[in-house]
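The following pair of complexes shares a single chain, subunit A, combined with subunit B in the former and subunit C in the latter.
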Partner chain A sequence: MIRIYRQLLVAQIQAAAQYRIQAVLWMLFSIIRPVIFLAAWTAVSTAQGGSVGGYTTSDFAAYYIALTIVGHLTTAWNSFEFEFEVRQGRLSPKLLRPLHPLHYSVVENLVWKVTTFLPLMLVCLVIALTFQVKWSGEWWHLALFVPSIVLAAALSFMIGWVVATATFWLQRINTVNTLLQRTSFIFAGQIAPLALMPIALQVISYSLPFAYVLAIPAEILRGGVTLERGLLYLVGQAVWLALAIVAYRFAWRAGLREYSAVGA
Partner chain B sequence: MYAVTPMDAPVVDVRALRKVYRVTERETGLAATFRSFVRRRYREVLAVDGITFHIDAGEVVGFLGPNGAGKTTTLKMLSGLLYPTGGEATVLGHVPWRREGAFLRGMTLLMGNRSQLVWDIPAADSFLVLKEIYAVPEAQYTRTLDELTDLLDLGPLLHKPVRGLSLGERMKVEFAAGLLHSPGVAFLDEPTLGLDISMQGRIRRFVAEYNRRSGATILLTSHYMDDVVALCRRVIVIHHGVLLYDGALADLAERMAPYKRISVTLRGTVGDLSTYGEVVSSNENLATIHVPRAQAAERTARLVRELGDQLADISVEDPPIEEVIDKVFASERPLAEAMA
Partner chain C sequence: MVRYLRMFRAFAASEFQFEMEYRGNFYLSIFEMFLVIGTSIGAVLIMFGHTTTMNGWTLPEMIVLLGVYYLIQGGVNLVFSPSFERLMEHVRVGTLDFHLLKPVNVQFLVSTRHLRVVRAADLGLGLVVVIVGLLQVGAQIGVAQSLLFALSLFFGVMLVYSLLLGLVTLSFWFVRVENLLAIFWAFTEAGRFPVDVYPLWLRVSLSTIVPIGIAVTAPANAIAGRMDAVGVALLGAGTALAVGIASALWRRGLRSYTGASA
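Let's look at the complex of A and B:
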C-alpha cells in the first residue's frame, strides 16, 4: 500500500502542478469567510471596550486564524467530486481496479493541502501581524492539536464519503452538500466561537459532528481549552469518526448494489 | 479464501443471469413534471433476461446485439460493476460482483468510449500507478510494457499528456493501460468505436495477436462486423436481453442465410435474370442474385455459359455478416437448435 500511495502521490503532484494558480485561488477563497467574521468580531469587541464574553480582540484574531488553518487542513470536497465522477462515468474504471476509490481521494486531498499550505501560512502570518495576535497556549495545546487535527480531517473526509454514497440513490447530491455546509456554518463555530453562542445552540453544536471538525481543533490550537476538556474533545472526535466510518461502510456496500454504472 | 477454478471449468460461466433496472417514468410537459414531484412512477426495464453461456480459456467470442440488447449490461455484471437481479455467474472462479482482489487483478473491461487514464499526466506515469495498484513485478511490467509498446507502436505517445492525444492514440494507450497487468479475461466493449478504418484494423490485429501471445479469454462487443469476422469464430447474439444464438459464426451464416450472393456486371443493360435465382437488386448493368448455397456452383456456371460475352464480371460470396445478424435480430426468438 505504501508503494501505491507513493506512486499515486507522484501522479497527483504532477497533475496538480498544472493547476497551481487554481489551487492557490481556491485556498484564498476559503479564507475569505473567517477573515470577514474576524473583522466583524474585532469591530464588536473594540466597540464594547476590547472584550466580548471573555474573548479579547486578540483572542478573536487567534481563534479565526486557527479556524482558517483548521478549515484548510480539514476541507474535503470528495462528495462533490464523487457525484461528478458517477455522472461522468469516471467511477467505473476505479471500481474495476483492486484499490478502493477512497484512496485516490485521500491522495488528491493531501496533495492539495500540502501544496497550498505554505501560501496559506504566509496569509495567516499577515493577518496575525495585522490584528496583533498573541498566542496564549501551552506546549500541550500543540501536542493535543496534532491528534485533534488528524481526527478532524479524517472525520470531515469520512462525512464527505457518507454524503458521497447518497449519489448511488439520488444521482445528484448538490442539495445534500449545501444543506450540510449551511448546517456546518451555524454549528461548527464559523459565525462565532461556540462559547459565545446561546446555550441551546451550544448543546446542539456539541451534539453534532461539525464542531469536532472545525471549532474544537481551532480552540485547541489557539490554547482556549483546559487539558481535561481537550482530552474529552479528542474522545468526542474519535467517537464521531468511528460512527462516520461505520455509516460509510454500510452505505457503500448498500450503494454499490444500487450502482447503475450510467455513462460507463 | 477465493474459489478455486478446476482446470477444465469455463473461464466465464453465466447461468440464467438477469438484470432489471427500475427507472422513473413521467409524461412530457410542465404539469407532468410537477405531478412527478408528488407521486413518482417507476417502470421496470428488463435489460438481461436469464441468459446462459460458458466461455472456455483462450476463446475470443463476439457478443452481438443491437443497441439496448443488454450487451453492455452483461459485461458490466461480468466485470463486477453491476449487481444482477437474478442468476449466477463466475469469472475465473470468482463471483464478479463480490469484487474480490484476485478477480479484479485477473480481468479487465475496456470501453471504447471511456477513459481510465489521468488526463493531465502522460500515460507512462499513469502506467506506473497501475503497476503498483495491480502489484505487477518489475520484470513482468517491463516485459509487458515493451510488448504492448511494440504491438501498439506506443513509443511516441507514452510521454505526452493524455489530453493531448488523438482519439485513436488515446485508444491505444487505453488498451495498454487495461492490459498492463496481463489479465486472463478481457471484456472489450466497442473497442474500435469512432476510430478510422486504419486504426480499427490496427486494434483488431492487436487483439488477435494479444490473444495468440497471452492466451487470454476475450469477450468482445462491436457494431463493426469486420471486428467480429476478423477476431471471433464464435458469436453470442442477444436481443431484448434474450440469448438468440450461441455458436460458430460460420454456422450462423449458413443457418440464417442459406444462400450465396452472386454479383454480375454486364456489358449491356440487365435483362430478366430471375431464372437463375432471386434477383435482390438490379441497376443498369449490375445485378445481385441470391441462390441456394448447394446450387451456387451450378447457377454460376449457367450464368457464365448463357450470358457469354455479355458478362463483364461475376463474383460469388457469402452474404454480408450484417445481413445475417439482422435476420437473427428480426427473428427475435432463440435459435435453440443451433445452440447445441
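Let's look at the complex of A and C:
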C-alpha cells in the first residue's frame, strides 16, 4: 500500500506541476470568505468600542486567519468531481482497477494542499499585518491543533464522499451540495465564532459535524480553548469521523448496486 | 432597437422552453436560491445581534444592500454569464464562425444569446429583499430617489458586464480564461457587505479590478439617500467609459479571431 501511494504521489505531483497557476487561483476561494467576515466583524467590533462578547478586534483577526488556514486544509471537492465522473461514465474504468477510487482522490487532495500551503501562508501574513492580529495561544494549543486538523480534514473528506455517493441515486447533486454548503455556512463558524451565535444555534452547531471541520480546529489554533475542552473537541471529531466512515461504507456498497454506468 | 428587443424575446422564449424540459431541476434551483438568500440574511441578523451599526450602516440598510447584491448577481447570471460561457466555448472550438455570419451586431448576440431563465427568480427574490429592507428603513422614498436607485442599479449591472466582456475577450488570445473568471467569482462574494468595511488593498481590488463593490454599494447608497444626482451621474460616466473600453477591446479581439481549425 505504501508503495502504491508513493507512486500515486509522484504521478500526482507531476500532474499538479503543470497547473501551478490554476492551483494558486483556486486557493482564493479558501481566502475570500473568511476575510470578508473578518472585515465585517472588525467593523462591528470597532462600532462596539473594541470588543464583542469577549472577542477583541485582534481576537477576530486571529480566529478568521485560523479559519482560513483550517478551511484550506480541510477543502474536499470529491462530491463535485465524483458527480462529473459518474455522468461522463468515467467512473466505470476506475471501478475496474484494483485500487478503490477513494485512494486517487486522497492523493490529489493531499498534493493540492501541500503545494498551495506556502502561497496561502504568504497571503495569511498579509492579512495578519493588515488586521493587527495577536496570537494568544500556548505551545500545547499547537500540539492539540495537529491531531485536530488531521481529524477535521479526514472528516471533511469523508463527508464529501458520503455526499458523492448520493450521485448513484440522484445523478445530479447540485442541490445536495448547496444545502450542505449553506448549512456549513451557518453552523460551522463561518459567519461568527460559535460563542457569538444565539444559544439555540450554538446547540445545533455542536450537534452537527460541520463545526468539527472548521470552527473547532480554528478555535484550537487561535488558542481560544482550555486543555480539557480541546481534548473533548478531539473526541467529538473522532466520533464524527467514525460515523462518517460507517455511513460512507454503507452508502458506497448500496450505491454501487444502484449504479448503471452512464455512457457505458 | 425594436428588432433587437424582439430578438432578445425570442432568445428568452427558446431558453425558457429548454429549461422547462428539466422541470425538477428548475424547482430545485429556486429552492436553492431561497436557501442561499435566507442564510445570507441569517448571517446579517446574527451580526446585528451584537451591534446596531456597522461602519454607519444600520440593519435595514444592510438588508437593502443584500437585496441589491442578489439583484445584480441575478441580472448578471440571468443573461451575461451563461452567454459568455458559451462564447468562450465557441472561441475554443471555433464555432463562433456561425455567429459572425449572422446579420446582427455580434457583441449583442454573444452577450445575450443564452439565458439561465431560472435566475430570474433571483431578481424577484432580490427585489423582495430590497423592499423588505426599505420598509424597515421607514424613510420616505421619493420619486427622485427611486429613479436614482434604478439608474445606479442599471449602471452597476453594466459595469459588471463590461468587466466580464473584457475578461472573456481575453479568450481570443489565451483561449482558456476560465481561471480569470474564477477569480472574478471568488471576489464577487465580497459584495455582500458595503465596500467601505474592507481594508484598503481589498477595497482597491474590489472597486477597480472587480467593480462589484461599487456596483452593489452605489444603488444601496442611492436609495438610502446617501448618494445624490451628481454621484449617480459620475457613476454613469464611469460606466459608459468602462463599456466603451470593453467594447473596443472586444472589437480588437475579434480581429485576431482566426476561426474554426484555421
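The rule we apply is simple: the second predicted complex is superposed on the first by the 264 of 264 C-alpha atoms of A that agree within 3 Å, B and C clash if a C-alpha of one lies under 4 Å from a C-alpha of the other, contacts with A are read in each partner's own complex, and residues count from 1 in each chain.
Everything that follows uses one rule, which is that contacts are C-beta pairs under 8 Å (C-beta built on N, C-alpha and C of every residue); 3 or more make two chains touch, one makes a residue touch a chain.
Nothing here was measured: the structure is a model prediction, and the numbers come from that model.
Participant: Just subunit B (first), just subunit C (second), both, or neither: which does A:Val114 touch?
Facilitator: Neither partner.
Participant: Which partner chains sit in contact with A:Arg3 here, subunit B, subunit C, both or neither? Use first/second/both/neither.
Facilitator: first
Participant: Let me test your reading of the model: by the given contact rule, A:Ile36 touches which partner, first (subunit B), second (subunit C), both or neither?
Facilitator: second
Participant: Quick one: classify A:Thr175 as touching subunit B (first), subunit C (second), both or neither.
Facilitator: Only subunit C; A:Thr175 stays clear of subunit B.
Participant: Which chain, subunit B or subunit C, is in touch with more residues of subunit A?
Facilitator: The larger set of subunit A residues in touch belongs to C.
Participant: Please indicate which partner A:Leu122 is in contact with in the superposed arrangement: first for subunit B, second for subunit C, both, or neither.
Facilitator: neither
Participant: State whether A:Gln14 touches subunit B only (first), subunit C only (second), both chains, or neither.
Facilitator: In the superposition, A:Gln14 contacts subunit B only.
Participant: Just checking: does A:Tyr259 make contact with subunit B only, subunit C only, both, or neither of them? Give me first, second, both or neither.
Facilitator: So A:Tyr259 only meets subunit B here.
Participant: Under the stated contact criterion, what part of subunit B meets subunit A in this complex?
Facilitator: Per the stated touch rule, the residues are 21, 76, 79-83, 99, 101, 104-105, 108-109, 111, 114-116, 118, 120-121, 125-126, 128-134.
Participant: Within the complex, which stretch of subunit A touches subunit B?
Facilitator: For subunit A paired with subunit B, touching residues are 3-4, 6-8, 10-11, 14-15, 18-19, 89, 92-93, 95-99, 256-257, 259-261, 264.
Participant: For subunit A, which residues count as touching subunit C in their complex?
Facilitator: 21-22, 25-26, 28-29, 32-33, 35-36, 39-44, 46-48, 52-53, 126, 130-131, 172, 174-175, 178-179, 182, 185-186, 191-192, 196-198, 201
Participant: Once bound in the complex, which stretches of subunit C touch subunit A?
Facilitator: 25, 28-29, 31-32, 35-36, 39, 42-43, 46-47, 49-55, 179, 182-183, 186-187, 189-190, 192-193, 197-199, 201-202
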